[in-house]
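See the structures that follow.
Shared chain: chain A. Partners: chain B in the first complex, chain C in the second.
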Partner chain A sequence: MEYLITLAVLIALNVILAASYNLVIGYGGLSTVAHPIFFAIGAYTTGLLSIHVPELPALANVVLGMAAAVVASVLLAGSSLRVSGDYLLIASLGFQLGLLQLIRNLEFTGGPGGLSAIPGTIVGPMRGPLFLLICGGAALACVLIIRAIVKGPYGRAIGAMRDEELAFTALGRNAMSMKIVIFAIGCGMAGGAGGLYAYYFQYISPDQFEVLASAAVLTMVVLGGMGTPFGPVVGAALLLAIPQAITFLHLPQNIMAPMQGIIFTLLVLVFLFLRPAGILGGKGHPR
Partner chain B sequence: MTEILRVEGLQKRFGGIVVSDNVHLSIASGEILGLIGPNGAGKTSLFNLISGVLRPDAGSIFLRGQKIDGAPLYKRARMGIARTWQNMLLFRSMSVLDNLMVGPREYVGESIVRLAFGRAGVRATEAAMQERAMGILARMGLEQTAGSLVVDLPYGQQKLIGLARTLMNDGDLLLLDEPMAGVEGAAYETMQRVVRQESEAGRAVCVVEHNVSFIRDLCSRAVFMAQGKILQDGTVEELISSSVLTELYFGV
Partner chain C sequence: MTRSLNLPRRTVLAGALIAPFVVRAQGKEPIKIGNAMPMTGSQAGYGNDFVTAMRMGVADVNAAGGIAGRPVELIALDTQAEPQLAINAVNRFIGVDKLPMFFTAWSPVVKAVAPIANREQVLEINCGANSPEIANLGDYVYTAFPLAEVDVVKLAKYTFTTLGKKRVAVLYINNDTGIDAAKLYRDTFTAAGGQIVAFETYDPKATEFTGMLLKTRAANPDMVHIHGLINDIPQVIAQMRQLGLTQRVSSYSAAYNQKLLDQLGAAAEGLIVTSLAPGVADNPRVAPYIERWKKEIGRVPNGLPYTQYQYDMVYLVKALYEHLDKKGTPATGTSLREALLAVREFDLPLTGKMIIEGHRVDKTVYLLTVEKGAYVPLATLN
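Moving on, here comes the complex of A and B:
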């Protein structure tokens, strides 16, 4: 039971991560790979605050984690988008790798060994279900907020910006500030998910925010359906559940170890050929 | 006639190519100015400089007497400079109506804060904008296309949608970049009629166009450009009868 709850919490947090990444890359058309690093910024901020400033309530720590991710994302997007849209891709990768190096080499972040002994906040037998409720609620809220953003007048503007940015700007729309806002919302949500992660698992390690994690979120979004409101939900659930399901087959370790990578790669290839718009993206090519 | 746009000593070069060489220009309200000249003369570049896509190396631009040199592209649009594009740049994944709805100078959908906390106001503004968009489409006889994807329309109608989208701006200055290229038949008539109506409503209109009969029918005044310079400024008849220009442009 404990195991299933942990899996469900993990799925909920990854739904937030994938849905917010989908807002940035699928709807906003902003090329970035660094989404997991904003999850990390939220997780480390929340974790460190809960260790060093115990008088702050847990909710405030998570909110501050989100705020840290928002500030970092505005600085990154604000500086790189001025150069060009493609520059964000390179800058985001550099930012991710650079910050991870920093985390590994600093004393107070726990270095390469990671940050441990984060207070559990909620104790007792109901800890798991309560966390699941909080994380599930947060995931639902994120998905609904993103859906509200991409529908209606704002969504229309986002679509127009993605179609023809020059014409969009020449009509009087401030594309730059819209991009920064979209990026900040997406990254802030990722930071919030990171904060919840830190509280639930009470341990974070820099290794889990590597480029491999970026690839995993991207796979979730692509598989579920980029630019669809519920695609990332399906993608995140699928990608986390499949490896767990395989463990029930009780295959020997030497087959199991490479299995996950093989299945992910296979899934991406199959989808690329048969359903390029993802599971919920309908037939045909993505927009 | 009040002066809407004044351009003074506009200078712009890309490496060795001079696209704008000491250009002086003035357009008044209600006037339709034709901008003609061979390809590469700097006509579209002049539009890009006026609308703010390009920054000039030297010179100044005044809108209603106010200097706008420092304003970026989107702010100039909000001041009332509306333009179309040679290749239209329509929002291809969107419907005709949605293309127009993004066009007003003030767009309610741009601020998340306003969307979250001022829903009633947003709804009212959206409804008003939709009414205005439908009105513009009706003037062009295109109201029944409102729900279609722009890419599903014939080329001539797409050109009209490009114009309709900029009319949502309701600006004092209209810059039309080759509105007639590839347009014929009913769409041609409509384009001509709407452009004339817009100037009669008091807008200053500047048209880049190779179609000489369109220029002759609509424009009271025309400017001939070549190699970034304005070579002549006068009535259309004067320009067409000028032997130097006919040689340069019409090749006769």
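Moving on, here comes the complex of A and C:
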């Protein structure tokens, strides 16, 4: 049971990460790959506060983790959202790699060995179900908040800004401030997910937030359906559940090891070939 | 579409009739051993051989009647040496397979799953990672593999006192494996009276080391100690030789690998490595073990001493379960932990005597050097 609960918690946290990334890249059209670093900022802030300021309540630590991610996102957005496309991609990648190097080389973050001894906060047999409730609730809230944002008039403005920025600006709207707001909301949610991750798993290391993590969250969004409210939910669930399901096939070790990668890659390719706009993105091309 | 095997009806019938008797002959419920290792990814070369070695141990224990009449079954799950995958694997061991203990290796993995072991009161035994931090990960985390303080300290002292080297350059990988071990080497060598003339780190993903090596050359050391991983140590040594650094190199057990000699050729001559398990000359069981590898797998294992520990872990499990069996205590994480502390001394077939001292183990360190393209014994440090 604990195994399934942990998998469900992980899926819920990745739903938050993927859904918030979908807001930034799918709805906002901002080509950034640095989303996992905001997850890391939230996780490290929460983890460090829980270790060094134990009198602070867990909720406050998670909120402060979110706030740190928002501040970092505004700093990145302010300097790099003036550019778009490839330039934004490179700027975000540089931000991610630079910050990871900093985390790796600072002693108080645990360096490359990672931050351990994060207090568990909730103890006892109900720990797993309670965390699942919290993380599942947070994931649901994030998806619904994003859906509410994009379905309303503000969402239509976001779509207009993404599809035709010049015309949008000509109508007197401030594209830059809208980009910063979308970016801050998305990164804040990722930071919150990072805080919950730190509390549940009690260990974080810089290697978890590398470029591979960016590729994974991008795959979740694209596979599920970029620019659809529930696409990232499907993407995150599939990408995390399939590799686990494969281990239950009880194949011999020499077959299992390569098969895990091959089956997983094949499934992703088949989905993308049959439904290029993602599983929930209709039969058309991606937006 | 379904496919069926074309077996004669009689064979199927005979199989169906015999099957229950075969199952009954195998006896009681099996004792399951969990091993979370990297079976894919960059560390798979080691991880797969570790699992294979443990599988050999399981086969031998089963052939000798199992543990207290129960067969042993190995459940190996892939971690890719990544913390998140390791967490999933260990949760599966505990939640699905209901294992009271499990084995793992690689420092980030051992650390990442430690909170689960402590929280769920399941015994975690490290059998390959050497970060000194492992000794402080909690009540349910133990090591059967000596941590860096064992071989690195002895090697640093040997370099100063026996080899007479006074100026050493330390080059280390910037991760759990390198940082603490490099500091240990530096502190021990300096305390012995030597001088560290260069203390340089490199990124785990680096493939180019010219800048670091030019600084090392300028420092003019008597010897160079490299503390990295098997993927980068050969590259560092090869680039050292290209840049004209001819000094003797020392490293630790990760560099005790036939692959490294194949890659480096003459550039490896004089290399000193440590081994934390006895070799062919020290234990008569090691030669047949290596022969078995050649016969069954077609080659010697990657990281021979590490695989000796993996093989022996099955015998450690045997000793723990037999202790509990004598007392009539069921196997839980807590009872196995108590058994580990009560038995304390284990006489293992391939690695010899192992004494648990708190959350550490001390072992004899075997030094080897490369001569004419082969590892040969250099010294034994007790």
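One rule holds for everything that comes next: the second predicted complex is superposed on the first by the 265 of 287 C-alpha atoms of A that agree within 3 Å, B and C clash if a C-alpha of one lies under 4 Å from a C-alpha of the other, contacts with A are read in each partner's own complex, and residues count from 1 in each chain.
The definition used in the following text is that a contact is a pair of C-beta atoms (placed from the backbone, for glycine too) under 8 Å apart; a residue touches a chain by one contact, two chains touch by 3 or more.
Since this is a predicted model, take the numbers as computed values, not measurements.
S.K.: Tell me the contact category for A:170 with respect to chain B and chain C: first, second, both or neither.
M.R.: It touches chain B, and chain C stays clear.
S.K.: Tell me the contact category for A:205 with respect to chain B and chain C: first, second, both or neither.
M.R.: A:205 sits against chain C, while chain B stays out of touch.
S.K.: With both structures placed on chain A, which of the two partners, chain B or chain C, ends up touching more residues of chain A?
M.R.: C
S.K.: Just to be sure I read the superposition right, which of the two partners does A:153 touch: chain B = first, chain C = second, or both, or neither?
M.R.: In the superposed model, A:153 contacts chain B only, not chain C.
S.K.: A:178 contacts which: chain B (first), chain C (second), both, neither?
M.R.: first
S.K.: Please work out whether A:275 is in contact with chain B alone, chain C alone, both, or neither, and reply first, second, both or neither.
M.R.: Neither partner.
S.K.: Do chain B and chain C land on any of the same chain A residues, and which?
M.R.: No residue sits in both footprints.
S.K.: Could you list, by residue number, the parts of chain C that touch chain A in their complex?
M.R.: Against chain A, the touching part of chain C is residues 39-40, 44, 48, 51-52, 55, 76-78, 82-84, 87-88, 91-92, 94-96, 107-108, 111-112, 114-115, 119-120, 131, 133, 137, 174-176, 179, 204.
S.K.: Mind pulling up the chain B residues that touch chain A in the complex?
M.R.: Result: residues 51-53, 73-75, 77-78, 82-83, 85, 89-94, 98-99, 101-110, 112, 115, 122, 126, 165-166, 168-169 of chain B touch chain A.
S.K.: For the complex, which residues does chain A have touching chain C?
M.R.: Residues in contact with chain C: 1-7, 10, 104-105, 111-114, 116, 118, 120, 123, 127, 201-203, 205, 207-208, 244, 247, 253-254, 256-258, 260-261.
S.K.: For chain A, which residues count as touching chain B in their complex?
M.R.: Residues 149, 152-157, 159-160, 162-164, 166-175, 178, 181, 185, 287 of chain A touch chain B in their complex.
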